[in-house]
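Data block below; observations after.
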């Protein structure tokens, strides 16, 4: 295990991205190709089970493959060679038909798609877990006032429920996106050397259809060896998710600051300590998620930067994907998993939220006063009056309410108790409640849809 | 006009991304907000037309706004101030209700969405024009043999029609994506200072709904001031498109090389000349499109890198979007437009394609021979036999057919005329024809769909 | 003027990056080329002044050039054509020798280098101004305690002077880098069509040397039309600077938060207001600088992604530089300028710094206690003792000092007043003072060096 | 071994970037810290050897460390804990002083710097090997004509020696840069928890100096926990190198195309084969190097995007470096190594170069004719005359020489044999020879410098 793996990744997905899984993906392709070839009578019926029997990654020597890959330029070439030898030992006749009609990239791309499907299968319930946790926060803290902050300055009161609803809303959009991604990205790659399936004569489309059915992948209109938009779209989905996770982590990091202290990652023995400062409780998850969010745009750029692939097979740009794709999926999955754990146990300090609302001596209610005055004065004049009052309050260290109470215009327009009421956060929450309701309704409405978006049961060789 | 604008951009879209258009986008928001406020009786009915009458970009002083923006930190603040003053001159009462209930980012984000809609409106027919041009190439050159090249080496024969079908298939996927993007991205931004619409009391949702209807934008579940996934998804769509355009341009650049010379950009007086070499005819469009494809991933990374925005309003990361979003749209649109023009007039040299197929003295037919022999020998043994023959042919500068004709095994398995037939490109095109049919059918099937995806007619203030 | 220009850019540099400046850069090249040709007797002596006289950007029609650029593929071709016509009107003979021996890229690259030199000239004193402002802060607040924060949590006390010294140290490194960049990047581009100066026969090196001398640029070993490492290194220097500016801005944004309020950007009427919240004072400079820091990595990636340029002249990747290079310089210069202004007037609230140090009820002094106890107990045992005490203090809301005072081990090892002294920030600043001295000494030592690094006076046509 | 490691990486450097090496880097720091503490009498003299004895990575349980890292948030914390326990077993007293005065980041950053130094030590001779190979090509093919290509079109003749000299010149610049990088980047990180070395009282600078001396690293003016410009500059150097390697690989890929076939990667059994096409010989090294060049800009962007680190220790952005830095170094080293091997055995087909020069029927000599005519006609008029002749030649498939021979103006100005001579590539090479001489002289002049730039011998614990 890599030293930094448990920190940054999620083992349930990491295992799907390992070298072993990469080999198995290609071997699943080869096995299915043999079955499809047999079914369409392109290769002898008996060859299929003989080939499929050897399509198990644990039979292969990873180190030998690695060294041969350096020579060949891709891992499918030595894999096919090793596979042929393994089959040959048991069934010389069958060995003749290994990889029949395919090219390396068919095996590699389809293998990746199978890994991707497994990763999407693992991620979907975790995403739902995260959004359920956020929905719970939105509901529970629906009426808990907290200072909203814009440009990193206290702005107006809002509720912590609204904040959680905003997070929830974004995550639920990603659930929709990932559901749709299955439709778009889980497609077969099968074109033979140059996309014409020439080696299969006139049987190419039949084999392709049988192969897609066997692997339960969609049959694309055309092979896509150098049309990488689906690949780029896939990584964009992971990067989008990571961006939204990063936004939640950014918020947590800000709310967890010593001087603000409204939110804390769940405590655990030894978690977030320091090698030298005994009092520290560092927001480890925030760091992990923000690290992923910091790395992701560059990795995304690498994949998009590799899209202009040459002619029928790219030189270098295709190769640039090989290590980058699993890195992107692994980082996104790691960030998702760690944040899900954290949000499920998030510590919320409602007392501190209230305290912080009182820090500005009423300034946070300035817009509330302004909008009330504006009905008589107009928005701009009211803005200027209150802005001036804020400056006086700040300069003299007084409460805005007291400063306003002395203002002649204010006196004329507002009774004392009317003025006082404007400084109650609960009175200036607008449609916070409806916002939360809308997010929760949308969330609840996803339940059946989301499960439908998950993959149907598949035959045992499906992935 | 910027010196490089006609080269890199498309004026039909560039004008939608100008400062003027940016201002108008915000002003359209302010006008619609006034109407929505009036309709929901949040502001006086008479205020709406008075405000809307001044919401015309040409009434504003761009330089004064620019200078004030540097102070205020965003252009909406001085815009609202100037607008208020303009309204005031005519109608003091109405001026009180300018920007009622909104925050700067509501105007800026919605304004951008309106600019985006106009850009999508302009791009959709251009995209269709490009894909129609590609469909035409696919059909016309359906049976024109050309050397397929993998790793920048001649591989097998294919047809130029297949190549064009591959381009077409990708572009048609983008048309679907852009159609869907309208549904996802064309949403209202309206949350007031912190997303609760507090300044509107309990009327927030009513105003929001009226505003969305007025602008013919979708009403999102929640405001999205710091949930930028829709923005990032939007730029990803443009970057995806640019990547596929770059792939086509890369192919053209390769096929246009002096030694290959199969494709040429349409000639025009003065086009692609050199300041010093009189014989040059540079592929200017390929350069322009590849330049966009080179720049795009980094611009994309900037927007994704800005996703983790702080709390209720981001600091710096939101600002990072302001110049980047129009740059992305403008570059993509420019690349699309220039490539569309070029593909509509692409010069195809079928004679040169044929000539190039003969360059390797038969090596390009190696797989054809191998697959035929493989039926008797098995794939791997046939591969090794033919590989060795290729080496002998290369070493002695002989034709592969002649070398093979002397091989004992080959002699046993193939008659002379059977062997000869394997060296005819038309005989080794697999299901090229079906591939083209599939792409054309999919293309034709899009016709009604694509037009449905385009926006319905909108009220005059719609965008 | 662009709407967002005064916000994001610095007009003193922006003007050096304008289209006008771009044209003038190329024209300065053409004028110098004519003089160098005359001096080396490659063209008639009289041609030089006749050509040079027309090398003034204001004589050219930008719009016509823009349109011709779209055809030609680069702006140098139509520029040379217009220039030739202008010269022709006055001196037919001289017109024959315009652009003699050069290629478009020679003019464009050298023109850019001249623009770069002017930008570096403008930036150097601004950088010094910034570092002087930081040095002043380091000196003035040398002994002002402030909470150091790690992982966005209070860690130990430090002084604000140390923090400023850290900023200063980085900026002074950039000053060295920019000084060195002059040596590396300010080189002539001159190779003719393919880098052999073939059009000049055997006079190529003579003309090149004369041209370099005339423009006061270094003569490189070879032309570098497709060796773009100097270009990439140049933008890396700007991106490095922007990263360090971003770090300062990030710190300011954190220290300026409502609940922390230790630093504020200088107040100015209307600065950092909100369109709706009258109390807001947004840190506009922090936003501007962070926006630049957010955009820069992607722009940098674009230039590095364009390095693998084809053969003797790149296709598309060279073009990707044209708009990107000025964007990078302009954004960096804008961030530098705005931050320099802000740091020169930074408001420092030392009272608030002190207050915040007291927020944790002694936890911030945990390491101080630990290290004292560690002398007897060992580092790890002391760490565990104090960590446990911190947890008790937190749980019960008590001061760490009081909790520790009750601990049996602590009682044995520390007298009460010894324990108390450990909770004085001034007692636990380590070598803060020496750190500041080191930074200031290094800063002062740069004074002569920095000015030497600036360019010597140049002849009037130098840039 | 990772499946793709031998393809993309270089094992001599990969081993320096492994988890084991990462641990050893931190342990070397801890050992040196103990010695420095003892030397400055901050910890007991006997503690140093007791601690140093356990600072061997093989004594540590990587899996336990990995799991503990996920909790702690960084690997140094559990490492220090395990180290303390190991020391404790032998020497309880010494165990008290493990990690005395340091913070996690001191160990991690310095550990990385030590890994970096080892990597630079490995890379320097490989870089020299590459540049020597390029110098050899420049010398050997000094007079070998080849078509220079601009915008991927044949332009003028040049020599293959000039092309190699251009590659060489760039690589030699990188050698200078890497030499200088040692001075800039190989600095100690040592600041304690917040950069004041508070835990060491007034001994901080003494310990720091002793530590720097022990590790033979430079002592920086200040700790740089959140000033990451040196880190970013370091990765920029690797990215710059990779960009130039990518440029060479791009050229090879173009020259190796079937239709051009001027250069080939050295043949080796099984190298660059295809899983299905027996005739293929794919340029594997070009693919590997271009893959690195494609991935690098995004990785670079990630590190630059992580520069704005918070206050005294970053949250997430620092963490973003941990996996990215070794990835960058490893990819660059892999590309360097594979390209060095390839360039040392590059197959050069001078016959094919000559053949290709004849492909255009004289068009490639158009500038030569133009410049000769220009002496009489002026550059622009000559340009137009020759441009028109080129068009006629192309249209009629005739040789440019023959077309020109019929031109009235040409007839007047040039005798037949004069015209013929203009179509000899050897006659239009300008100062190609001087260019090569300049590059070779610069290369030879580096020999002593380069070796001086390499590190002096170090004490055994040095890295």
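Just a few scattered comments:
Labels for the chains are A, B, C and D, by order of writing; each one numbers its residues from 1.
The rule we apply is simple: a residue touches a chain if its C-beta (ideal position, glycine included) is under 8 Å from a C-beta of that chain, and two chains touch if they have at least 3 such contacts.
As the structure is a prediction and not an experimental result, all values here were calculated from the model.
Counting C-beta pairs in contact across B-C and across C-D shows that the higher total falls to C-D. One finds 24 Å separating the Cα centroids of subunit C and subunit D. If you average the Cα atoms of subunit B and of subunit C, the two centres end up 33 Å apart. Multi-chain contact residues, meaning those touching two or more other chains, occur in subunit B at positions 73, 99, 149-152, 155-156, 192-193, 199, 249, 253-254, 272-274, 276-277, 282-283, 287, 290, 293-294, 297-298, 300-302, 305, 315, 367.
Arrangement of the chains shown, judged by which pairs touch: all-to-all, with no pair of chains left without contact. Considering their complex, residues 147, 149-156, 253-254, 256-260, 272-274, 276-283, 287, 297-298, 301, 305, 356, 359-360, 363-364, 366-367, 370, 383-384, 386-387, 389-390, 400 of subunit D touch subunit B. The part of subunit C that touches subunit D in the complex is made up of residues 73, 81, 84, 92, 95-101, 148-152, 155-158, 162-163, 165-167, 169-170, 173-174, 177, 192-202, 204-205, 220-230, 232-233, 236, 239-240, 243-244, 246-247, 249-251, 254, 290, 293-294, 296-298, 300-302, 304-305, 307-315, 367-368, 371, 374, 377-381, 428-432, 434-435, 438-439, 442.
Contact residues on subunit A toward subunit D in their complex (touch as defined above): 1-8, 19, 22-23, 62-63, 65-77, 80, 99, 102-104, 107, 192-193, 199, 249, 253, 268, 270-277, 282-284, 286-295, 297-302, 305-306, 315-317, 319-320, 322-324.
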